[in-house]
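Labels run A, B, C and D following the written order; every chain starts at residue 1.
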Amino acid sequence: MIRVGIVGASGLAGGELIRLVLQHPDLELTYLGGNSSAGKRPAQLHPGLRLDLGLTVEAVDADVLAERCDVVFLATPAPVSAELAGLLADRVNVIDLSGAFRIRTPELHEKWYPKAARSTELADRFVYGVPELIGEQLVGAPLISVPGCYATAITLGLAPLTLGLGLNLKTVVVDGKSGSSGGGLQLRTADLHPLRNGAIAPYAPVGHRHAAEVSDFLERGKPGTVGSLTMSAYGVSHVRGLMASAYVFTDDPVSERDLQRAYLRFYKGSRFVRVRRNNETLIPVPDPQAVLGSNYCDVTVLHDADGGRIVVLAALDNLVKGAAGQALQALNLRYSLPEETGLTMQPVMPA
Amino acid sequence: MIRVGIVGASGLAGGELIRLVLQHPDLELTYLGGNSSAGKRPAQLHPGLRLDLGLTVEAVDADVLAERCDVVFLATPAPVSAELAGLLADRVNVIDLSGAFRIRTPELHEKWYPKAARSTELADRFVYGVPELIGEQLVGAPLISVPGCYATAITLGLAPLTLGLGLNLKTVVVDGKSGSSGGGLQLRTADLHPLRNGAIAPYAPVGHRHAAEVSDFLERGKPGTVGSLTMSAYGVSHVRGLMASAYVFTDDPVSERDLQRAYLRFYKGSRFVRVRRNNETLIPVPDPQAVLGSNYCDVTVLHDADGGRIVVLAALDNLVKGAAGQALQALNLRYSLPEETGLTMQPVMPA
Amino acid sequence: MIRVGIVGASGLAGGELIRLVLQHPDLELTYLGGNSSAGKRPAQLHPGLRLDLGLTVEAVDADVLAERCDVVFLATPAPVSAELAGLLADRVNVIDLSGAFRIRTPELHEKWYPKAARSTELADRFVYGVPELIGEQLVGAPLISVPGCYATAITLGLAPLTLGLGLNLKTVVVDGKSGSSGGGLQLRTADLHPLRNGAIAPYAPVGHRHAAEVSDFLERGKPGTVGSLTMSAYGVSHVRGLMASAYVFTDDPVSERDLQRAYLRFYKGSRFVRVRRNNETLIPVPDPQAVLGSNYCDVTVLHDADGGRIVVLAALDNLVKGAAGQALQALNLRYSLPEETGLTMQPVMPA
Amino acid sequence: MIRVGIVGASGLAGGELIRLVLQHPDLELTYLGGNSSAGKRPAQLHPGLRLDLGLTVEAVDADVLAERCDVVFLATPAPVSAELAGLLADRVNVIDLSGAFRIRTPELHEKWYPKAARSTELADRFVYGVPELIGEQLVGAPLISVPGCYATAITLGLAPLTLGLGLNLKTVVVDGKSGSSGGGLQLRTADLHPLRNGAIAPYAPVGHRHAAEVSDFLERGKPGTVGSLTMSAYGVSHVRGLMASAYVFTDDPVSERDLQRAYLRFYKGSRFVRVRRNNETLIPVPDPQAVLGSNYCDVTVLHDADGGRIVVLAALDNLVKGAAGQALQALNLRYSLPEETGLTMQPVMPA
């Protein structure tokens, strides 16, 4: 059994990690850390969790973590992760779910995460990327940075165009729609139910940092290129799940059939990315509903012949494939376990 | 008192017309028409309406309509409107809320509304357009075609760029998000609550006909031009209200300050279009929540300096400013009543 | 014009009062008070409100209030209302929306509102009660205490049994279901959208103070009596509107037909209470949906012959008939205006 | 591997059965039946399900079922189940999720399920009951009738009072609140999202047949008795999960402490029933949110000393513990597998 610690146990990603670790046959939960929630039992913080876990949240202590765990998940804000990773990096495997180590280019990192100071040397030791795209790099990796929820959807959506078809994407306009769980449990008036329910909240109409994360990743010496990539993000009226819509303009000729084939080929054999046609089921897909609670990312590509553009839609559960599930997927690959170990749960739909 | 008839009384736009006509001081409701709902009382079809209306829905009869009404609102599907308008055009004022007379160019109309056959001569007699942009044309107009809900939001959002600043908009990417009331009350499995709640449903990822409507309108000999305009539309998890996001690329130089000023100037004195800053209130705006039940359209413009684009957001209540409210606004202008007569209700928020 | 001040302008009841005062033809809004929100414009606090109100929230000052207003609405917590009412009582008309003056019996008041100390003498000067039941007492009343949202629904639901039919109600079990707006905008983790959406939250399974309020009121020398009255209250997954279900056991013989007639008779001529049959429309009623944004209270009575009980259902909009609308209705009666002045808006449905 | 067939594959309970069977290590899905959906692949009907199931829905054929399956789940309407059970009873194990065999008393059955004719002899061969209460009877049982969702919550909630403490319950008033998935996917206007969202729909204010089911079961020679048991049921604005509130009046003396102890003792060792205190976590419990997607039933008991009553709250996921999960739990017991096999998934919360 791999001994697992989770820091940031009171947050939504922390709670989801607990849920998934409990469902994983090769993991043993040995530590829960959180300063504000120290002393609480998990089910007090996450009311769904089984009551008999026999663990209590502890104030964070790097020595204890290093001693009691083989792997530590950091479900903490980026500044906290940056600091903790420095303390833990040489003593235990670390899988960070924050933005602290996602952007490699130092200037870009400082621009988007000014409060998460880190050494370049430490940052360079982290392996970053969606497992489907950089899987082999994860094997044995001691330090892993898990991509952001939107970044995951966008890169999985665009990769068959750039990496698969080698297209040059002149302009990519991303429109992101997510549920309220994306904002965590901070106390903000705008996130109270009366104001958040029924909303279409343009919370980041320009300048979402996941766009920078995606550009930074896609730039790293790959076939196919991305020119301008912009993003606007909205909170809509549900809790869990997001959709990233990428409207892609390219001068390279491509047909609907090419696209469809390229996507199917690119994700052939993938356990978690499902290429779906928009009208293949009784609701239009992709829809985050259809992946709720699971580690799937559903992707649909369409050619808008009239508009001269490609429409790529990617939907995932921001707490699973966009956070805790992807973190476990990375752990599986790091330990050379079958990629889907503990992640075979089917979507809970309707919910 | 102006005598008003409403055909299509059982639908959501029909119900909203009844609500607003009841709140209008110069209108008298004299006829409710609907073939499938004939014999029903209004409150049976629209459970909120006052119980003592003293009217019953009647099977549609053009003769009776012409005799009993000064103005007839058609809240019917486009094919029904196309037919009824032909019967009523020379006998009574008609305000059509369907798509039957929105697109002027015959070929475009046939492409997008193949089932709504109409004579070009009749179509040319209809005045079309958002009142804010074509107000004077409505005075005395006997035949009025009310723009679509999305078309209203998009044209109100873009007009200050094209008509106000005279910009050439090279590429406009529209992403539309709407609640379930946009789909009416047809019995479709995908619209049942268990499947529609929590959804982000990409129901028109390409080929939404409101995009054609907007292009057709914006082409009519105006300063400033629109190159490619594409649209994708999504159903999200609330009932009433929509947001149109327009991502605009232009080669013309423009600054955030220019934009802000241009929008304020363009809608100065407007009763229903409110130019708002994204962060001016305790929730991000525009948000359809903040216009619910009212005839407002809230518009926000931002300059995405990094991305070289303009972001325009427009939110409205699809049943009011996107349908029944705008129809009454047109009626007010047609009869030279103050534009806001009967339309001063404030948004119901939170709801 | 009657000059109106509102204290507690930043809360949900305060915002709703502003909305309704703006729609009332005989009222002029002259003062907005709130200590935490002083300096803000109304639309910053309530994003739907028209932008051009020309008023700014001021720190609360009784002298200014007395000078600038004919009537002051207190939309403040009970302890604040208790204190302010003391300062204002002899200088200006006061309509209090809190619980500070609802319960007449001193011991009961102290039990349920321990932080809202008040003199018995002042409390006795307040007129309390649902306008439909105590209307004539409101004429000219300088001090008015508006009933709680649930108390309104329950007393309107039960009054035809006790006051109309003179029944002795042995046991009344009330089950209340309300949306999240009932909890206001206090920052509580449990009220954040991710945790509140989809909830059935048993927040007051025993000991809701509106039950005490109802008992206290019904006891005041009326025909018919109420034995045990208990209540449990739940937050369910919408924002606005509540339903009170009263399950009534009586030894007095009564038939379904008696009940139906008694309710219709009791509310004959009422502008705001609608007696409805459960299946009279395309959705089951009463349903708070069907009164949203309006001052209606919908009531349905059924006889459960098998179970030997009477089922009474009452639905209302907790911010309108349960707060701000009822306060304006009381004002209308106090000034001998037609009861429905400014309150004729129809429900916004669907929303 | 136990070979499993599911009839009624297109419904919500059918879809949930597929989900859970796929997650069960000892089951092999060998047959999907459904007349209206014959020819469809599972993911077309249930968009979340994995795409590579390799099964297609077939028109229902009892011979094929008997040949290809060891156990057949009937997720069909009661009349269909009644008929199919007759054809299958002697050839294969049957687990019926409908109401066809729940009520034993023939007169009661005919009253509540007039369209589900069955022979008394066949009915008597079915084992009925919540596994926690009749577990041993399920071992080896060839014919099993799974209790209704509300009936499960109510009997689990009341059993510690009657079976545990031996109380005589004079009057039990049940108030049920459920999400829209309880109504399935039938096309009804009232269940369209615009009308169902935001609703508190009193769809069964009197005469819910699960009340009859509970009474019928509790009457079968048990210590403690139930006098009058009445029920009213409401649809509220979420999709999955229900709460049954039982307001219990008894003349037997009992204290809060007795109650708490009795419930803990009664469900000690239970894998799926969790006895919880109302305020033990950051949201009030029980709440169906906290069991979503899982087989848990959360139960809370309170003593309302002022009101002289006991308040029992029970929350479960109507598609899992209220249907498919409980059916698999019964199967586990029938085959003497550990009760929780395939049912250890943790709740998906928030969702």
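Quick note on the criterion: a residue touches a chain if its C-beta (ideal position, glycine included) is under 8 Å from a C-beta of that chain, and two chains touch if they have at least 3 such contacts.
Model, not experiment: these values are computed from the prediction.
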| item | value |
| --- | --- |
| Chain located farthest away, centre of chain A as origin (C-alpha) | C |
| Pair exhibiting more inter-chain C-beta contacts, C-D or B-C | C-D |
| Chain centre separation in whole Å, for chain C relative to chain A (CA means) | 46 |
| Approximate Å spacing (C-alpha centroids) for the pair chain C, chain D | 38 |
| Distance from chain C to chain B - Cα centre to Cα centre, in angstrom | 35 |
| Contacts with two or more other chains, residues of chain A listed in rising order | 12, 179, 181, 189, 194-195, 197-198, 238-240, 282-283, 285, 287, 289, 292, 350-351 |
| Touching residues (chain side chain C, partner chain A) in the complex | 12, 179-181, 183, 185, 187-189, 191-198, 238-240 |
| Interface residues, chain D side, partner chain C - complex | 171, 173, 175, 177, 179, 189-190, 194-195, 197-203, 205-207, 228, 230, 232, 234, 236-243, 245, 247, 249, 278, 282-289, 292, 300, 302, 304, 306-309, 311, 313, 315, 350-351 |
| Touch list for chain A against partner chain D, complex | 12, 15, 19, 22-23, 43-51, 181, 239-240, 274, 276, 280-283, 285, 287, 289-294, 344-351 |
